[in-house]
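Structure below; questions to follow.
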Amino acid sequence: MAVAAPPERITPPKEGVRTWPLIDQAAYVLCWVVGIGLCVIAAAIVLYMLVKGISYLKPSLFVTPPSPSLSQKASGGFSSPLVGTLVVSLIGIAIAAPMGVGIAAWLTEYRRPAGLARAVESAIEMLAGAPSIVLALFGLLIFSQGFLKFLSQGTAEGALGQSFLVAGIVMSSLALPLVVTSTREGLLALPSRVRESSLALGKTRATTIRSVLLPSIRPNVATGIVLGMGRIIGDTAIVVVLLGATLQNEPASSTPLLGFLRGTGSTMTSYVYNNSPAGEGNSPEKAYAAAFVLLVIVLILNAVVTRLAGGGSGFSLRRRLGWTR
Amino acid sequence: MAARPLETSAERRARRSERRTERTLGALSVLVLVAIAAMAVTVFIKAWPSFSYNGLGWFGTGAEPSAQLRAMHEGTPLPGHGLLYFTAWQLIWGTIITTGFAVAIAIVVSTLAAIFITEFAPAAVGRILDPVIRLLAAVPSVIYGLIGIVAIAPWINKNLISPSLANSVSYVVQLNGESLSTAILLLTIMILPIMIAISANAFASVPPSWREGSAALGVNRWRTIWRVSVRTAWPAIAAGTVLATARALGEAVMLAMVAGGRDFAPNLLDGLALLFEPVRPLAATIFQESGGLTIGPVSHTLYAIAAVLLVSAALLSFAGWAARQPLKKYGLS
Amino acid sequence: MDPLMPPPVRRIDVGQAPTIAPPRAQQPAPAAPSNGAALHRAPRRPATVTERMRLDSVWLAYGENWVVRDVSLRVNQGAVLALIGASGSGKTTLLRSMNRLTEITASAGRSGSITLDGTDIHNLEVNALRRRVSMVFQQPNPFPMSIFDNVAYALAEQRPKRGIRKRSRTPQLESAVEDALRRAGLWDEVGDDLGRSALRLSGGQQQRLCIARSLAAEPEVLLLDEPCSALDPISTAIIEELIVQLRESVAIVIVTHNLQQAFRVGDEVAFMHLGELVEYGSAEQVFDRPREERTREYVSGAFG
């Protein structure tokens, strides 16, 4: 028995906020204010840096090294700091990535003895929370004495403790927790049947990790690496303490690569700091330009992370709850 | 029939390589563990002379820290004290109010923002906010410092500090824009993204059945959010707060640039001027004085400050764990 | 005793036929047992029947599909209305429309009128309506709070016109909670410690807690959406007994997949099929003397 459609269809209204008690309405409005306010602040920061940065940015800045001079016109560009940033982050991530993946694999796949594994986890957590300035101090301590002197320039009482190598090594401890956490998340999310089927085929666990598990979590590992690089690139404290923050890159000796790596230098972050009123302070224009370039680099890295993470796995802030209103 | 060996050579090789791998990776992890433990121990060892000389007075008031540090640089101790004399109260107080205010504001703002993102925001706004939060999280702290020192501090100086206000405290300290409020503002913006991301994730994970049940009982949407979602998300909010506070405590460079850098303990009795007085948090102090690390007493003092920071980070971790315990009873973790 | 001997095995005697009564639905419907009603229905006192809600020509749609078509029913206090039907028959949607829970979905549409005590429910404020027409869901969903806080939840959120202050354990609040727990049959089991976490209760207890939670606001109508489908038979029996007792004070509508349950607890039964109301009458009439062919087929288990 077919029944005809009704004459009119009423669409239900949204739950009216007007009917709520006053204090709830106030909270609702407050949430909106905060939400829009966030967008405004972010827009303000980006626009400000954009405007100021572009107005002072010149292509020549990328290729001219900074030179000591009181006037802004003659103080050169930021080619050396740019190289410095690149070198330091490469060294840092070259150390942190394999170590981080290895530690994460050990923590998830082996975990024996259990007490040791827990201790390692706590240590990684502590490392993640340690201020970079403290890490820098510690780095200075161990790298300026003892058998590690060779990593930086020697002076009368021991090594300076400041060089690209030293800074790179300490920077790796910044990136390490991020790589470990990302890789662990990826490994823990893999269903156990992947491991079981590989082991059932007679592969050792080591082979399983190397040829089955790690390739499937490549996005996670990449995310961790890029996040780590972002953290390294954005750090200033370690650079100032462990790299010397000298105006130009000053190699420690004349040996081509090793001399450079053992020498002091600067990165974009210390360059911005030095040129701002807080540092030597006489070229805020260069500071703006360098800050702009730094921001762009970091944003690009960020976009890479977003694409690697698949734009939704675990980091997406909005999730449909089934309540579409 | 010949007895089959217990293990073929290939299996033996595999077993050995397996053990080798396990041992290598394990050794790697232990190496990191040892390095981190060594860091903590070394910092404390280097810090010990400063603590043992000053005793509990290290945390108290006395001469100004900058004067004490200058004395160490010059090698001439302040009258009546040794070279290691150091009283850090002004720095500690600076850290407490800067971090405290920033975290307090950030908790409120991040919870409201997370609620907005997950509940009230229309689809388009939500899509914008996602990259916005990530952008704010990615900005290096030195850029916040730059904006603070060249844009915000002068603005505050020009617009918010009236001459009378400046005069009221001029007998003690000169006010320019680099102050507590600049520091708090920028620090809050810096730690907000982490907290928002964690909180929003937690709010989105609240089981829909609870929210539906609450709606079916006739509780309006805001009350549902407040009593059910916030309660469920509370452990995550606590975890995010710990992370954010650790970041705020360790922030050295940005605060060195905008907080004023003069060791002055903002005085609550100064009224509104409190907000505009300069401040010198602990981590910023280490950074600013790092040039003097070759000098014995200075290095002991700076390591002592670093030790205090490490201990605070550990205490924070514990506090975060403790804050999550009461709710475990009700099934939330 | 020799320790290597296996333990003695109890032999199962399969000579006798099992003594389980065949389920009612497998008997052909026209051959109605004369005292079948007395066998499976819970004993109950006759109650005075007052009309609480009236549905007139209700149509409901999600998106483009009309999932409920032209349904007219009455919900009475003193009688339990059981909605039965196969999956997709629209009975759950109909239930949810009675407390306007369907409005959560943006694509929902409706037509027709639903009134509570004479007032169209769409003219009432939605939260006020839901306090008067309460719902219990299929999966127990107690909040992650103590038992006391769960039951007091709705009360604490109401405007203070009942004189109950928010969340403080006033004597009024405590007595209201105890009253609700007694009506739900849970007081004896949990009354000694109301501070326990609600999530530690068993499934049946959690569901009764949800019922207590709904009853705390003293609703006029209680909607139950397959409340026992996730529970074991003992808990089911306890809750069914509860339902029969409650029907005198609250109008009850229960949606159920389980025909025996509908017969056990229902006074009035409405059978829906593919969105239409096929048959609506007293329980005896629908199960023993169905008028429609489809009803007969459904209650005899031909489909479903």
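Which chain is which? They are A, B and C, in the order written, and residues in each are numbered from 1.
Following the convention adopted for this analysis, contacts are C-beta pairs under 8 Å (C-beta built on N, C-alpha and C of every residue); 3 or more make two chains touch, one makes a residue touch a chain.
Please read these numbers as outputs of a predicted model, since none were measured by experiment.
Busiest chain-chain interface by contact pairs, anyone?
Summing C-beta contacts for every pairing gives the maximum at A-B.
Using C-alpha centres only, name the chain that sits farthest from subunit A.
The most remote chain is C.
What's the distance between the Cα centroids of subunit A and subunit C, rounded to whole Å?
The separation of the two C-alpha centroids amounts to 55 Å.
Roughly how many whole angstrom separate the Cα centroids of subunit B and subunit C?
So the centroids are 52 Å from each other.
Between subunit A and subunit B, what's the gap in Å when you average each chain's C-alpha atoms?
That pair's centroid distance is 17 Å.
Can you list every residue of subunit B that touches 2 or more other chains, as numbers and ranges?
220, 223 - these are the residues of subunit B that touch more than one other chain.
Could you list the positions in subunit C whose residues touch two or more of the other chains?
In subunit C, residues 104, 127 touch at least two other chains, as defined above.
Counting only residues that touch at least 2 other chains, which ones in subunit A make the list?
Each of 15, 19, 322-323 in subunit A touches at least two other chains.
Which part of subunit A faces subunit C closely enough to touch in the complex?
The contact residues of subunit A facing subunit C are 1, 3, 5-13, 15, 19, 21, 322-325.
Please output the residues of subunit A touching subunit B within their complex, sorted ascending.
Its residues touching subunit B are 15, 19-20, 24, 27-28, 30-32, 34-36, 38-39, 41-42, 45-46, 48-49, 99, 102-103, 105-107, 110, 112, 116-117, 119-120, 123-127, 129-138, 140-142, 173, 176, 204-206, 209, 230, 233-237, 240-241, 269, 272-273, 276-278, 284, 287-288, 291, 294-295, 298-299, 301-302, 306, 314-319, 321-323.
In their shared complex, at which residues does subunit B touch subunit C?
207, 209-210, 212-220, 223, 227-228, 231-232, 327, 329-332
In the complex, go through subunit B and note every residue touching subunit A.
Residue positions touching the partner: 14-15, 17-18, 20-22, 24-26, 28-30, 32-33, 35-37, 39-40, 42-43, 46, 109, 112-113, 115-121, 125-136, 138-143, 145-147, 149-151, 189, 192, 196-197, 200-201, 204-205, 208, 211, 220-223, 226, 243, 246, 249-253, 256-257, 283, 286-287, 290, 293, 302-303, 306, 309-310, 313-314, 316-317.
Sort out for me which residues of subunit C touch subunit B in the complex.
99, 101, 104, 127-132, 134-135, 137, 139, 141, 143-146, 153-154, 157, 197-200, 210, 213-214, 217
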